[in-house]
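Letters A, B, C and D name the chains as they come in the text, with residue numbers starting at 1 for each one.
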Amino acid sequence: MIATIFNIPFLAVAALVGIALYIIISQRNLIKLVMGIVILEAGVNLFLITLGYREAGIAPIYTNAPEGVMVLPVPQALTLTSIVIGVAITALMLSMIMLTHRHTGSIDAEKSRRMKG
Amino acid sequence: MDALITHSPILIIAIPLLAAFLTPLISRVSDTVRNIIVIAALAFVAFLAIFLARDIYLNGVHVYVLGASAFNLTIPELYTVPVRIILEVDAMSIFLGIIAATVSLAAAIYSLSFMKQETGKAKFYTLLLLMTVGMFGLAFTGDMFNLFVFLEILSISGAALAAFRTRFADALEGGLKYIIISAISALMILFAIGILYAQYNLLNIAALAQVMQYTTLDKIALALLVIGFIMKLGAVPLHMWVPDTYAVAPAGISAMLVVSSQASMYALYRICFSLFGVTMNTLTVGWIVIILGLLTMFVGVTMAIPQTDIKRLMAYHAISQSGYMLLGVGVGLAVLGNPEALATYGREAMRGGIFHIINHAMYKGLLFLTAGALFYRTGTRDLNKMGGLGRNMKFTSIFFIIGALAISGVPPFNGFASKLMIYESVYRFNPILSVIAMLVSVITLASFTKAFQSAFTGPPLPQYKDVKEAPKSMLIGMGILAVIIVFFSLFPSLIVNTIVTPAADALINQAPYINAVMGGG
Amino acid sequence: MMMSKIVRTISNLLLPFILTYGIYVILHGHLTPGGGFQGGAVFASGIALFIVAFGSYNIQKNLKEHHLSILESSGALLFIGLAFGGIAIVFFYNFLVGSPILGHIPPSGSNPGDIWTGGVIPLMSIAVGLKVIAGLSVIVLVMALASSKTEIEE
Amino acid sequence: MRRTTAAIFLGIIIALLIATALLIHPFGYPPSQMDDYIIENAQSETGTNNIVTSVVFDYRGFDTLGEATILFTAVTGVVMLFRKKKEETAK
């Protein structure tokens, strides 16, 4: 049970990802769909960053570093990459939604839809 | 020359990337120079890929450690695991590399004329080069996170290109669907990478494969990876985006999106064979892949029959054909743990499935390009509005016949060669699967006969009386693929022996892939 | 569309600090938390603030999209060029460590930090910084312009 | 039909996520063979005090190149989507 209590950050990740997937599946508004994807991204990023934490660790920077064990640097780099990728995808998705709205006057996934399946 | 071979894994990725960064600058000066640079970069890369392939068949797996003090220093001195990003090119990677190089070159040449009337050509070629970079990177990388990064490059550029003709609302919808699916699947894959990293503190595929335990967490990671890549390659439960995206993309890009799907399929195979290999329950995973393949095959072809939009029809056939590749390789995966069955029919099934990948890339690419040529001259994709075009567009109709016969698996075309390999070997695994596959092939033939009749034969419609043949560069683009198809049809055994068998063996034998990085063996 | 005078004055006041901080984060990426992406994002947020406060139409006169695109391509070219610089050994090899330029090697363990370290890393930081500044600004500018255009049309 | 499938799918994924959260290493005690090498050797190999930066630009520099490429792609894509209709015919 003790392990479960200490794994609360990972449960938070599960909650975030679950909420995000629920939004993605249930919402028809395209902007809300993008919000769902952004939350999903946040969940995955949180997962990556929590992977690297070490008990009582300090930031992995030697400039005037205090004594102590350092947290893992690689997950931080991966998270950085994944954040930038998220920004790029979000920007592109929102641009496409703006243009779809211009064409069809709607941001409802069903209404602005012209092709079937 | 040795230096060129040594550095060619990175050069194949970096040269189109450099060209992509240069393209926006050069476009300000001259459009002609830009076109020359784009084509030259792609041609040079295709040349390098063939060069590298030859060396791989002779000397085995190539590794390239980025940023180390020597290109083959996979593990730092006095240490036990790889730290840096490693490019690892084996016969399967270069197989996908050759496909990507050929199709993107053909698509770029084709687009010279096809996109002439469009605005924003500088952006178009930049994105096309970036898409090529994504394919090569995905094929060559030996690192899980790097694979994710290149998958994202591939999907972002693909989505932007699919939505290129922004004046059509359909194009935006196709692009949007593609990017949403890609974003969700990529995040699932990233989550799985996180799980693997959490357990082993490794990101290198070969290093992970060596220490793979197949714990419950690994199973979860495997499930997420399979769902993610299945989503991305457009297999059946999650195939809805494929026709919408393929149909609206410019023709050259539709051809490249086919390869992009195959790149995801490559990643799926890489995960199943090289990362998990025999540690996992290959029979279960293999059957999952087989069932997905059958569903994909069948649903794709049945949905294709009622289509009147020529590119949607082809897109559904693209889904259906992916089923063959999944079926062939799935059978190989199912018997991976059983050396006897693997030797008698598993290896043959894998060779069939892998041969089908290259065949499909070529003929489906060709078919999409001919559909684009029809659209270019008639302005419609609706088969009911076309008719009698064969009279004026002779080359295009010949190319269409070649592609259609190849996809339907009519002898002696290459589609028949690969399908025969799949039928024969799958029959020995489970006869019913083989029968379904043949049935699907017959329906495909019927569907394409119908399409050919409505577009090319019959009396010429009055509004298309003055239709001309497609412009030269489009013919060259189609011609490249058509010549390759004819060559493959004439010498199937040569192709199977030189490039397909090493690729299949590279997947089956996990050890060389691991040893190239981890040493030993 | 322009925001009220209060917003404009405050953003004018804040802008130099935001931009300076962005540049500091980029240049000290190898010593303190930060680097090209983070600093570039800080800098670009300053530009975004400017675009929001003064309206994209007014900004457009001074901040052209194609100038930013050129800056972005140059940043990308500089980055890949630095990566190619090491190709005599291996692509991405840090060829400046130990050389007279930025080549100092810090004492191992905790130390006060020396700006002249890191080899190509500070240069790459600058390249990526340029790229991110230009890239994010272009995205914000183009999307702001596009949305204000729809407002005018309607 | 579609809703039910979606709900089942969602249920499976959430079950997988919670299983992950329970099975994964205890928070704060990760395995660290690769990262320990980087923490120990980053200063001497790359001359950088900030280890995250050394990972971003040196050990995993190729990822960063890919990431910069993604940003470049997205910017090109956004500018392409909002391009003026008669941009190049004027030339």
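Heads up, the rule we're going with is that a residue touches a chain if its C-beta (ideal position, glycine included) is under 8 Å from a C-beta of that chain, and two chains touch if they have at least 3 such contacts.
In this text, all values refer to a predicted model and were calculated from it rather than measured experimentally.
Judged by contacting C-beta pairs, the busier of the interfaces C-D and B-C is C-D. With centres set at the average Cα position, the gap from chain C to chain D is 20 Å. Our note on geometry: chain B versus chain C, Cα centroid distance of 36 Å, whole angstroms.
Each chain gets a centre from the mean of its Cα atoms; for chain B and chain D, those two points are 23 Å apart. Distance between chain centres (mean CA atoms), chain A to chain B: 28 Å. Residue positions of chain D with contacts to 2 or more other chains are 20, 24, 30, 32, 34-35, 38, 43, 49-50, 52, 54, 56, 58-67, 69-75, 77-79, 81-82. Chain C has residues 31-33, 37, 69, 73, 76, 80, 83, 91-92, 94, 106, 109, 111, 113, 132, 136, 139, 142-143, 146 in contact with two or more other chains. In chain A, the residues touching two or more other chains are 17, 51, 61-63, 72, 74, 78, 80-81, 84-85, 87-89, 91-92, 95-96, 99. Chain contacts here are complete: no pair of chains fails to touch.
Across the complex, chain B is touched by residues 16, 19-20, 23-25, 30-35, 37-38, 41, 58-63, 65-67, 69-70, 72-74, 76-77, 79-81, 83-89, 91 of chain D. Of all residues in chain B, only 7, 10, 14, 17-18, 21-22, 24-25, 28, 64-71 touch chain C in the complex they form.
The residues of chain B lying in touch with chain A in their complex are 145, 149, 152, 156, 159-160, 163, 166, 169-170, 172-176, 179-180, 183-184, 187, 190-191, 194, 197-198, 201, 203, 240, 243-244, 247, 303. Taken together, the chain B residues at the contact with chain D in this complex read 17, 20-21, 24, 31, 66-67, 76, 79-85, 119-121, 123-124, 126-127, 130, 133, 137, 145-146, 149-150, 152-153, 156-157, 159-160, 163-164, 166-167, 195, 198-203, 215-217, 220, 223-224. Looking at the complex, you find that chain A touches chain C at residues 59, 61-67, 80, 84, 87, 91, 94-95, 98, 102.
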